[in-house]
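Okay, so chain A shows up in both of these, paired with chain B first and chain C after.
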Partner chain A sequence: MKPAPLAYRRAESVEHAVALLGEHGDDVRVLAGGQSLMPLLNMRRLTPSMLLDITRVPGLDRVDGPEVGALVTQFALGEQPGLDDAIGECLPYTGHYATRHRGTIGGSIAFGEPRGELPLVLLTLGGTASVRSVGGEREIAAEDLYTGAYTTTVKTDELLVSTRWPQARPGEGRAFTELAQRHGDFTLACACAAVTVDRGEIVEARIGVGAVADRPLLVDGAARALIGTPAAGAGAQDAIAAAADATTRGIDAYDDHHASARYRRHLAGALVADAARRALDRARRA
Partner chain B sequence: MIDPPIPIEFTINGRRHGDHVPARLLLSDFLRHRLGLTGTHVGCEHGVCGACTVRVDGRPARACLMLAIQADGADVQTVEGLAAANGGELTELQQALHEHHGLQCGFCTPGILIAATDLLERRPDPSRAEIEQLLGGHICRCTGYVPIVEAIEQAAARRTERAR
Partner chain C sequence: MEQVAATRDWVGRSVPRFEDDALLRGRGRFMDDVEPVPGARHAAIVRSPHAHARISSIDCSRALRCDGVIGVITGDDVQRLCKPFAAACASPVPYYAAAIETTRYVGEPVAVVVASDRYLAEDAAAQVDVAYEPLAPQMDVLEAAADPDALVSERRFSYGDPDGAFEQADLTLTHRFAFPAWTGLPMECYGVVADWDPGNDALTAWANFQGPFTLHSVLAAALGLPGAKLRLITPEHSGGSFGIKSGVFAYVALIACASRILGVPVRWTEDRLEHLAASQISAGRSTEIQGAFASDGELLGLRIDAVDDVGAYVRAPEPASMYRMHGSLNGAYRVRNIALRARIAMTNRCPSALNRGFGGPQHYLPIEGLMALAARKLGIDPLELARRNLVTEFPYRTPSGGLYSSGDYHACLDEAERLADYDERREQRRRARAQGRLYGIGVACVVEPSISNMGYVTLVEDPETRARSLPKSGNAEGATLTISPMGGIEVQVCTTPQGQGHATVVAQVVADALGVEPEQVSVQTQTDTGQHAWTIASGNYSSRFSGVGVGAVLRAAGHVGDKLRTIAAHVLESDPEEIVLADNKAHVHGDPASSVSLRRLAGMAHWNPEGLPPGLEPGLASTAYYAAEELQPADGDQITASTENGFVCDIVTVEVDRVTGRAQVLDYVSVHDAGRLLNPLLAEGQVLGGFAHGFGAAMQEAVVYAPDGQLRTDTLKDYLCPTAGDIPRLRSAHLQTPSPVTPLGAKGLGEGTTMSVPSALHNAVLDALERDEPVPLPLTPPRIWELIHP
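And now, the complex of A and B:
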C-alpha cells in the first residue's frame, strides 16, 4: 500500500525542526531513517498530516564518547571503534543489513518498538535521551521514557536530538542476546545484562528483557539474585540459575501467533542466563 | 493542507534527472512508474522482503521505505546501473549468480545484487555468517539460498584473487 496524502517539510536545523514541531506538533511525525515509520505509513496504520524530515539536519550524526547523535545510523554506530559489548552485540540483530544503513539510533529509541533491541539496551545500561523543544532541552532517563507500546514521554513539540549510553566502569561486564525466527526479524525475546564485580563478588547488576511486554523491562528480582554472590564457581552458577528463574516467574509475557506466553517466559529466562553468564565473564576480566 | 508536486533533481544510474513528485510518492513507485526502471521489484512494500533494495548515496536502502522526494540531490543506483557501470558487461557477482543458479524466478535478485554488491565493497572477504545475515533481509522462495551464498563467496574470492 501507499502512504495517505500528506504534507512534507524538510528541517534545515534543530531550531527549524523544533519550531515546526511547536507549531504543528500534534499531527506531525518526525521522519529520520524511516525504517519503522514508513511501513506504518504504507499500511496507513499512521496517517499524519505532515512529515517532518530531519535527515538533513546538520550536527545530529556524530558520536562523541557515550553521546550518540539522533541521526547516527545503526550501521555507523556498529562501525565505531571500541564499541560497548552490549551495543555491539545488539546492533547486528537490529533489522537487516540494508535497513541498518538508514535506520537511526534516535529513531529506534523514539519509536518505542516494544520488541526493539536498542530501547532494551539503553534501559539496561541506565542511559538517557535528550529532547529539545522551543522552550529548551531536557534529559529523560530510559526508565521514564516508555509508557507503553510505541508511546513515550517525549512530547509532541519535542525532538529527540541525542542519546547517552553510559560506558562500562572498571569491573563491569555487559552482554546482549536474543532469539528471532529469522536473523533480523522481530525478536521473540531478548535480554541484556550489566554486571559489576569487585573482589570476587557481584556488587551490582542490571538485567533487562525485551519483547515480553509493551515496553522493555528491568527485572529487579533477577538483579537481586546476582548481587552479593560469588563471581565465579558453583556460587555464580547458582546465582545465574536463580536470576533466570526470577525472570521466568517475574514477567507476564503474551501469546501471539509466533509464541505462547509460557514459551516467551521460558525463553526470557534462558536468554537472561546466557547474557548474565557472558556479562559476568567479561566483568571478571574487566 | 496537502502540498502540490514538489520539484526534485537527482542522479539515477549516473544520469541527471529532474521531476516533480507528490510528497507521498514512494521511491520504488517513482523508479518503476515514472522512470520505467522496473528492475527494482516491489514485493511486500513494508521493508521485509528486500526486493526493492537500491543504493542511495552509496548506501543500500529499501526503495519502498523512502519517499521519492527524499532522493532530491542524491545519487541513486538501481540494478540496471550495475552492468551499466561495468561497460555493459555483467558484474562478477551477476556472473557468479548466473553460474551457481542463484536465481530462478528472479524476483528477489535485484535487491540481493544491490545489497551484496554493497557488502563486498565494504567487506571484501565476508564470512559465511555475514553473507547469511545479509540474506536474512532478502526473501527468496526458489533457491533455498545455498546457491546465492556460494555465488557471493565466489565473487568475493575472484575479487580477492584479482586484487593480488
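And now, the complex of A and C:
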C-alpha cells in the first residue's frame, strides 16, 4: 500500500498551479485535502504521473457569502455562522470528524464521488463551480459538472478554485438527509430538497438524490409533484407522498452487494419524503 | 495445587491494566516497530487476481531489473524448499505458502519480491508478469460438499436415539441457516521478519503470531526443520488478533523461503488490502437443522447437517471450526438425542481458521434460531421455552461427551429476565404492534466452552483411523517465575496476549501467592520458542488464559514460595509450614514481628548459598507446567472438547423501521456465569469486545465474494466492521459459580458474547418481523427491507 512513483509539485499560487496544469494536465492529480486521494494513491488505484499540491496556495480558504474557496475544509464550512440548512445537515455525514478537518469543499466537488453528499447539495441548490486555466476563468453549473462516477467537465488544464452555493431566498426552505449502514460511511442513498412557499402554495421546488446512480440526480418528477400544491395540510402530505413515489418510479439505480436497485429506489423515495417534509416546514417559517 | 497463602486477595479485584500506560502514550512496541536484526530487506507479495486459475508462466525478468530489487521467489521455490502444511485431516489439495501451478483464491501469494524498501518492492511486484488461464471457481459450499474433489471430510455422529425422538415428537421443524464468513479485523495486520541462518540451517522468525503453538510444529515440518531450529519470537505488544493472527504462520514460511534463497533477512508487513483478501476469515457454515419437540416444549431431538466452508485450503487448525463445539452439540439444553452430519468442503475463498468464538457463533445460530421458531409454533414464550429445556443438574455430561462442571443456568436466565424487565418489554411489544410497529424480543442461551482439548479435532477421523495415531488430549501451559538478587519478581508466560491484559492478571495472581504488590511483578509476554517454557498448546485461543495460563503461573509461584518459606524458616528458626508470605516479608504465623524481608531472602539465595538450609538449591526460580484437568483423548465419538463451560443468557429488544429496514437495538442485556472473575474490569472488557465482534457479524459484517470469486469486501469502505458509535449500550451482569476444575475457579469468557449475540439479534429481528423462516445474516437494512417488502 505505497503509491507508485510520481512527481510531486507544490503550487505557490493559483497562477502557478494552472501553469503547471497547462503544462502537465493530462496525468496530474490535484491534492487539496487528500482524504479520498491519498488512500487511492496508496492502493495504487490511481497512478498519476504528478501530484500537484495546492494546499498552501493562498487565498483559496475563504468563505465570502455564497462563495466558498476550494481549500475551505468541510469542518470550517460547518463552523460558518448562519450556515445553510442543507449544507449544515450534510456536513456531519461527510466522512468523519477527523477527515473533515482536512477534507476540502473544492476537493469533494472536483472528485465527483457519486455517493458524496456535497455534490448532491450543490446540484440541488443550483450551485456552480468556478474553474480557472491559463486562458481564464469560467463557471460550470452543477447540473453540467458531472459526466459519470469521478468524472467531471473540469478540463485537465483547469483548477477548481471556488464553488457558489446560492443562499435561500425568502420563503425557501432546504433540508438534507441520508441513510448509511455505518456512520460516516458511503451512504446507501441521500436526498436533498429545496422548496419555496408563497402565499400558502409551493411555487418552486428542487429535489435531488445521491448514491443511487453514477452521479447525483435532480428528480424533476418529484419537484413537479410538489409545485402548485398547498404548503400545508393533507394537500401537502399528498404532494410529498407523490414526490416520493415519483422518485422511486423515476430514477434508475444500481445493484451491489450492499443493496438492490429496488431498495435504493425505494429508499431514495423515502428520503425525499423526509427531506421535502422538513424543507417545507422551514419554508413555511422562512 | 500447592498451598499458597493469600494475604491481600488481589485476585478478584478490578485492577486497572498495567499494559495501558505504554499503549495510551503511543509507546507500544508492535511488530513493525521492532528491528530485531539489522539489514532486513522488504518484501512485497504478488497475489492472484483470479479466484481460480492455472499459472502458465511467471516472468520475473522485468522485476529483477527494477531499482533496489534483491530478488524474486515464486511458488516453484516454495515447493522446492517446503513440504505442504499439515492439517488434522487429509486434504484433496496440498497447501503451500504460495500457489503451486494453480491459484485458488483472490489474493493468494504467487511470488515474493524483495527490495531495499517497500516502495521499490511494490514497484517491482507490479512488473512480475504472470500469465493465468482462468478456471471456473467454486463459490457455493453446498455444491462443493457434493463434489468429491472439494469435499474434505464427512462424518456422521449419533447420540441417544434421534430417530425415536422424531417419531414421538408433537412438532418437528426443519430450517436452513447460513452463517457468513467474517473476520476479526485487528488494527495491526500481519508482520514477519525472517532471518535464515545458512551456517546452521536454522530459522529465526519474528511474527505477531498468537498461537496455538501446534502451528509451530506445522511450520517447522513444512520447512523441514527440527523444531529446535525454528526459533519463533513474538513482539511485546499486539494490535489485536481475535484469532486471525494464527494464520500468520503461513507467511512466516513464505518469507523464510525468501530469506533462505536470497541470503538476507526479510521483513514483510501486511497492508490492509492484503489483510482483507488473504489473511484469514472464519469458516462460513450452512446448516440444515431439524428439531423434535413435545407439545409442552421439551426439545426431544436434534438432527444437524452442517457444512463448513474452509476456503481454498485446509489451513490448520481447521477443520477444527466444526469440532470445537462438539462437546456442546446440545447447547445449553437437556436434549439427549442428537444426530450430526459434519462435512468440510473447500471453495475458492480465503482459507478459514480461528476467529473469536471459533465455531460457536456458527453452532448456536441454528440451535437458538430453531428454539425461537419453535417457540412461535408452540405458542410458548421463548424465554419460557429455554427455561423448560435448560440443563439443571451439575456436573452434567453431555451426550457427545462434554462436561458442564458447574453453574446455575436458571439463575442466569432469571437475572436476565429481571435486568431486561422482560414482562414490561413484552407489554411494550404488544403496544407497539398494535400501532403497526415492528418490535421484537430475542433470546439466546449459550454454553461458552473454554480451554480446548487438543484432541477434539481428531474427531474428524473415524475411531478406527484415529486409533492408529498418537492419542491427543489436554491443554498445557508453562511459565517461569524468577526472583532476582534484589528481590525483583519476573514472570515469563507464553500465552501471547493480544490485548486481554494477561500481564495485569498474572501480577495479581503472583502478588497473592508471594505476598507482594502487583506493581512489583514484572510480566514478560514476548514469547521466544528458543528460550521460554512453551507447550504445544501455548498461545492465546479458546479463552484458556484464566485456567491454564494462570495455572502454570500459580504453580511456578508455588514452587518459589515454598522455597522462600524454607529459607525463611531456616533464618527464623521455625517450620516452613509456619511461615506466612505477606507485605514483602516472610513471618512466622501469629508472630509478625518475627520476620525477614523478601529482599533479604532473595539476597541469600543468590549471594550466600552457604547460608541456605543444608541441601537446598541456590537461586530462586521455577519453571512449571500445568495441564488442564478433565481432558481425555476422544473415546469413540465422545469428547470432552473443553475443560470448562460458562453460560451466557442474552435478551435483546429491537425495533425495525418498516420504511428503511433498519433494525435498531433498543436494549441489550447479557448475563454471564464465567466462574470466579479474576479481574472484573478485564472480564467486562472481554464481554464488551465479544459483544462488538458478535454485533458486527449479526448486523453489518460479512466477507462477500461475487459469483466469479472476486472479493467484494476488499477495502474498509465495503467491509463494514462496526465503529464505537454504531455499537449499542450493553447492560451486563455476572454470576460467579466457581469452577471446580480450574486452579482459581475461573472459566474462560472471551468469546461468549460473540457466540450469543448473532443468535439473539437474529431472534429479535425474527420476532419483530413475526417470521416463520430464518432471517439471513447480516441483518442489514436492505436485507430486512427485502423481507418486509418481498
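Everything below uses one rule, namely that the second predicted complex is superposed on the first by the 286 of 286 C-alpha atoms of A that agree within 3 Å, B and C clash if a C-alpha of one lies under 4 Å from a C-alpha of the other, contacts with A are read in each partner's own complex, and residues count from 1 in each chain.
Quick note on the criterion: a residue touches a chain if its C-beta (ideal position, glycine included) is under 8 Å from a C-beta of that chain, and two chains touch if they have at least 3 such contacts.
Remember, predicted model here, so these are calculated numbers, not experimental data.
Asker: Considering only the touch criterion stated at the top, classify A:Pro5 as touching first (chain B), second (chain C), both, or neither.
Answerer: Both chain B and chain C are touched by A:Pro5.
Asker: For A:Thr229, using the defined touch cut-off, is the partner it touches chain B, chain C, both, or neither? Pick first, second, both or neither.
Answerer: neither
Asker: Using the touch definition from the top, say if A:Ser162 reaches chain B (first), chain C (second), both or neither.
Answerer: A:Ser162 sits against neither chain B nor chain C.
Asker: Counting only touches as set out at the top, which of chain B and chain C does A:Ala270 meet: first, second, both, neither?
Answerer: Touch status of A:Ala270: second partner only.
Asker: Determine, under the contact definition given at the top, whether A:Gly184 touches first (chain B), second (chain C), both, or neither.
Answerer: Both partners, chain B and chain C.
Asker: Would you mind checking which one, chain B or chain C, touches more residues on chain A?
Answerer: With both complexes superposed on chain A, more residues of chain A are touched by B.
Asker: Name the contact category of A:Ser133: first (chain B only), second (chain C only), both, or neither.
Answerer: In the superposition, A:Ser133 touches no partner, neither chain B nor chain C.
Asker: Quick one: is A:Thr124 in contact with chain B, with chain C, with both, or with neither? Answer first, second, both or neither.
Answerer: Neither partner.
Asker: Which holds for A:Ser49: it touches chain B only (first), chain C only (second), both, or neither?
Answerer: In the superposed model, A:Ser49 contacts chain B only, not chain C.
Asker: Regarding the shared-chain residue A:Met38, is it in contact with chain B (first), chain C (second), both, or neither?
Answerer: The answer is first: A:Met38 touches chain B but not chain C.
Asker: Residue overlap on chain A between the chain B contact set and the chain C contact set?
Answerer: The answer is residues 1-5, 43, 182-185 of chain A.
Asker: For chain C, which residues count as touching chain A in their complex?
Answerer: For chain C paired with chain A, touching residues are 118-119, 122-123, 126, 271-273, 659-662, 700, 704, 706, 712-713, 715, 717-718, 720, 722-723, 725-726, 780-782, 785-786, 789.
Asker: State the interface residues of chain A toward chain B in the complex, per the touch definition above.
Answerer: 1-8, 34-35, 38-39, 41-43, 49, 51, 53, 55, 75, 92, 95-99, 101-102, 182-185
Asker: Inside the complex, what are the residues of chain B that reach chain A?
Answerer: Checking each residue of chain B against chain A gives 1-3, 6, 22-26, 29, 45-47, 50, 53, 59-62, 64-67, 69-70, 111, 115, 118-119, 132-134, 136-138.
Asker: For the complex, give me every residue of chain A touching chain C.
Answerer: 1-5, 43-44, 179, 181-186, 188, 256-260, 262-263, 266-267, 270
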